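The same subunit A turns up in both complexes below, where it pairs with subunit B and then with subunit C.
Here is the complex of A and B:
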């Protein structure tokens, strides 16, 4: 199985027609080949692999993706207008099919101490800047399959550094735009975000497409937060309805740091998101929020892995899902509290609203607690729209379908409110509303 | 305006309304009193179209239309309004957005243009004053975390905004403090007009001191067993329901 399977990913790593990343330093070359070697020994997950129990790779394996490369499209600024969010004031970094596009990016006048660059450029020109952190948050010798694929095929992505004590008020918006090409392509963007001690920033990370073609995005993010650092991180996955989307997010938090992540999943036919958090100092707080919508032919698969290995840290995992048609979702949340991690405060919840009989969610929150002086809780619900609530709205003259949509948006609101700006809240509410409007309600 | 004839309704196998008659003309205010569990809320729910009730006999005609054949929203669109005994909390649904959706749904059904944001807010401000409501409530989710009294006032506020032809107030007075009762009653009275009728369900004479009814009915065991003028309420306050029961049986 694995021999045959592997040819399915061969195209992901084959050298692209354009020249390979130039001037790659030895240390990085060594890491990438380590990932390649590791891949040779990794089996393709199947239904017996615990973390892939509910999600089949079949559809992905059937595609013969070729690696996306440079200059595959002539994008105009008008094309970009279509995907911009009205009212969102941000520095903009644009990646098209995995490649940084400086012409249509806009991040001039960054305050001193803030560095925004394309990964490919930095590798070629200032590789030493990357040495401490790249492949350090997610070391290649322990990466799972898709992260290893990303490392082995490392090409381009966003690099964001915020120096000690610098507070960046204006958000950084990372737009990953996929443009339909003649054949199915896979882009493997690799992002690195480093906030030094006391630094603060807001990152808005969006995956969007022009058209509804078949492609795959296999992204990896490494996020390193220094002491007292604060990162607000809004992630909005709105890939094409025929796309495959994979995210592996790796986060390390030093003492007193705060991470506030909001994961919105609306697009792609098949998507898999792994969020991993490790604490490296006490009194750090990690807040992982999520909202996902899955309709016909859509799968949303979330895996959370939060490891409390030190005392006095807190984590929140709050995920909500709305499923309709034959939509499917998986929530597999794991919070591990090591014996020495006393005074850990962890609360995980996963609530789902099923709007149809054929929709389905597999939810598996797991708290593994080995310390005795902790405050930990978890809960899941899978339910339908409350008839009482629906009647209340209808009794005021509001038609049944609008009433249902209002209640779904109300359900989603708790997570939507956590987004970092009104512009994003409006954008997401509108997108959720639009999807529900065309959703079959039975 | 409303004509209910021989209405029988079940919940599951249990018959709750057992042949109920009620005639309401435009501009009239009818009080309905009666013991707990008599079927007062059931009547309100059946008239407004809530699920879970099976009408087994009788009819309800509202403004010439067969009320029971309409969806709940259609009943509201032709002018029916129910102030809930237990208003429902809608977490995450913003109150202002809700009010606007409701008002515009009614306007759309009547073929009127939707109100723009500015005119809507002006209207809201005006109605808020009538009910002495804090406009902070508008920014919150519908009824979520509202106090009992705030919920009741919010119901009457919605009524003031939606301007129904027939309003059914199901125990709007219970849970209100004395001042709030006064405010709510003033709000209701301000809405009285020759075209607008009301059904006021209450257990207490006190509300009827403020909102003077044209008729008082006693609903017991699923039927209107006695009707009279506003003096009937005083009599009930004094003697309870027992005497009518026995009288009804004797008759």
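Here is the complex of A and C:
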């Protein structure tokens, strides 16, 4: 495999396909080539592209990336200790630079009816298992640029199947670890999660790094929930401070299913997250929560697209942001209610705390409603810490910077509390606290 | 309640200003090129600077593309099939006083209920009426000139007050601003000019009525209001057009300039012909309205009631440049039948301690499509900026739609901004409550809708508020059965 560097990310776009995974079946090959064709026809978004009007791709496009190769680091289990969360009891799947590492994963004793595997292994050995679901939630002919890029170069990732009625008590922890290499690389993990009717599971998805190297993660998740299924999904993005992070999450929900997603964004210098939700049955509920911290020269860009095409479904979109230094955040939420989707209940809110002169937030919460018997609302606020609150704490002998930090943590807590376990809540609170401590507060 | 039958009833409610007036008019043949632009300028006997200004705009327009981002669908406009100038033919040099104005014209205005004649002057409103492309008559000139207020057609102003017009024309909406504003700059035929000198409180409310009468014409008027330091003016605008099967284009530009401590209140009741139930005909209302709060403590307030037009594309905006300046936007928009509206506002906070309020009420019935599109931008220097935005949509029937597309850009940490939006229908509970007290269903709906819009109607001058309420109930006549 060649290690030559391309000129910028554009080089990647020009020639994105990795050598195909061995034994890739024809149907998958066809899907990948469909994505390649789509890629060839798509322009690189610019500031005139509505969904990219506040986010520049310049930095990413100008960055040189080498082709990702085989796993080149000898990772020891000691290295892993650094990134594990104390007290989190979970089955563990480890991906290093986009590749599944079974040696350091730990998912023995899974209950029957639960299947956990690496995508690459399944493609090589049991491709028929994937046929119904892979690329079904996010069809390649409609994927946006980065998702199409991921599909064209589909590499490795987590595949999780939970059979009908199976309740998985212990969470599945998916750790995506990036390890610094000589040259910046692009990893394109691809995950597939299928919960059959009545199944329940908790997925903890984490992006972490060793060191502060430059790299790019372009991940795509396809999540399919059957009738009455329940998925709790905690996503914690703590990439290296110099990394580029892109996520495209595609979710379909059958009748009566519940999805509870919590998105925590703390890392990467530039990150873009697209969350797409489609209802395929009535009375389904989708809860999307988010917390993002953008510090100096950091960009956090969230796009939500929730499509209510059937009656009686409900969705909640609650995103909160704290910005300091030259941090920037973009929130672009869209709730679409089709004419037949009566009795839809949708509420979107985006609240932001701006702590510094140079920070900036651009928010665009959109509603598109074509049914009359619906309850839809959205609310946005942008503000700073209330002087009264600060005064209250200071009058009780608490120093100004600690008081500010406490108030910020309190602001973040509404979302942090939605995480699925105490271990995660403590971990995220601690990380948020640390970042605020080092943040210039004036 | 809001059954299909009820919705059909709304669609059937007729357009009451749909008559047309048989008047001989002087109309340029359809088509647009530099010669047409020159011909318009020549016909209006404009000074050289205006001709050049128009040509510059026209040349720029050729390089622009029609905007496509709005959530409206309509067949492509053939700009060569439109006549860009139409004026009622006037004997000799035109009217010297109201008595000389063509009685047929006056009759038209009478039908529209405009207080153009002296007897109606008791209403106390000075009116500038624009019929097709030219200004017909301006009442109350004398009273106004005693106060030092200039209120005349813009073509007159170009001749009589070029020094006042030249520095301001195009200073808020430059010809490069957007496609339709650029077209307007090239071919605008008339409009209104208002100048309020320093410290003057305009003694009466000023008003313009616009009417599109001739077939196959476009109306491109331009309004310029300059309020000098410490002055105040309240300005009203109303529009109607005859019922015709083809679509007619209306691309207006309104520029407001408020100096230190000045206040401009601009109210619109827009009732252009909306087209028939099948979406045939109707006005394309593509309007650029912008106010510039240039001075400290200045205030510009937009109030609009939009019930007409097949397609509305309109975003009255405020540039809050002066420190402590205030911008307001109050809007009621109704879409029914096949009407489409993409409307909202922009509040650009530049000065310190600036504040803005946005209240937008959208009512969508039949197959109406409505989008609120707004921008609130707090720029890097705008310390202590404050914004509150409220946009509510009311849906009547299950074939209409209501969209909200707010853009919020904040670059200063001291900004306080809130945005709220809700979508609802008239609830069974509300109706039941009213009906159990003996109200008919129609009255109940009218009452609920009026309550929904009250916040906006309160901002209208009294006469307009009455008219707006009437218009609203006519628009929604038979909304329930």
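Assume the second predicted complex is superposed on the first by the 422 of 442 C-alpha atoms of A that agree within 3 Å, B and C clash if a C-alpha of one lies under 4 Å from a C-alpha of the other, contacts with A are read in each partner's own complex, and residues count from 1 in each chain.
Definition applied: a residue touches a chain if its C-beta (ideal position, glycine included) is under 8 Å from a C-beta of that chain, and two chains touch if they have at least 3 such contacts.
Since the structure is predicted, the reported quantities are computational estimates derived from the model, not experimental observations.
S.K.: If we overlay the two complexes on their shared chain A, which of subunit B and subunit C does A:27 touch? Say first, second, both or neither.
M.R.: A:27: touches no partner chain.
S.K.: Tell me the contact category for A:367 with respect to subunit B and subunit C: first, second, both or neither.
M.R.: After superposing on A, A:367 lies in contact with subunit C but is clear of subunit B.
S.K.: Counting touched residues of subunit A, say whether subunit B or subunit C comes out ahead.
M.R.: It is C that touches the greater number of subunit A residues.
S.K.: Quick one: is A:407 in contact with subunit B, with subunit C, with both, or with neither? Answer first, second, both or neither.
M.R.: first
S.K.: In the overlaid three-chain picture, which partner chain does A:396 touch, first (subunit B) or second (subunit C), both, or neither?
M.R.: It touches subunit B, and subunit C stays clear.
S.K.: Please give the residue numbers of subunit B that touch subunit A in the complex, ascending.
M.R.: For subunit B paired with subunit A, touching residues are 48-52, 71-73, 75-77, 81-82, 84, 87-88, 90-94, 97-98, 101-102, 105-106, 109, 141, 158, 162.
S.K.: In the complex, go through subunit A and note every residue touching subunit C.
M.R.: 50, 54, 339, 342, 352, 354-357, 359-384
S.K.: For subunit C, which residues count as touching subunit A in their complex?
M.R.: 2, 69, 378, 380, 393, 395-425
S.K.: Applying the document's contact rule, which stretches of subunit A touch subunit B when the two form their complex?
M.R.: For subunit A paired with subunit B, touching residues are 387-389, 391-400, 402-403, 406-407, 409-414.
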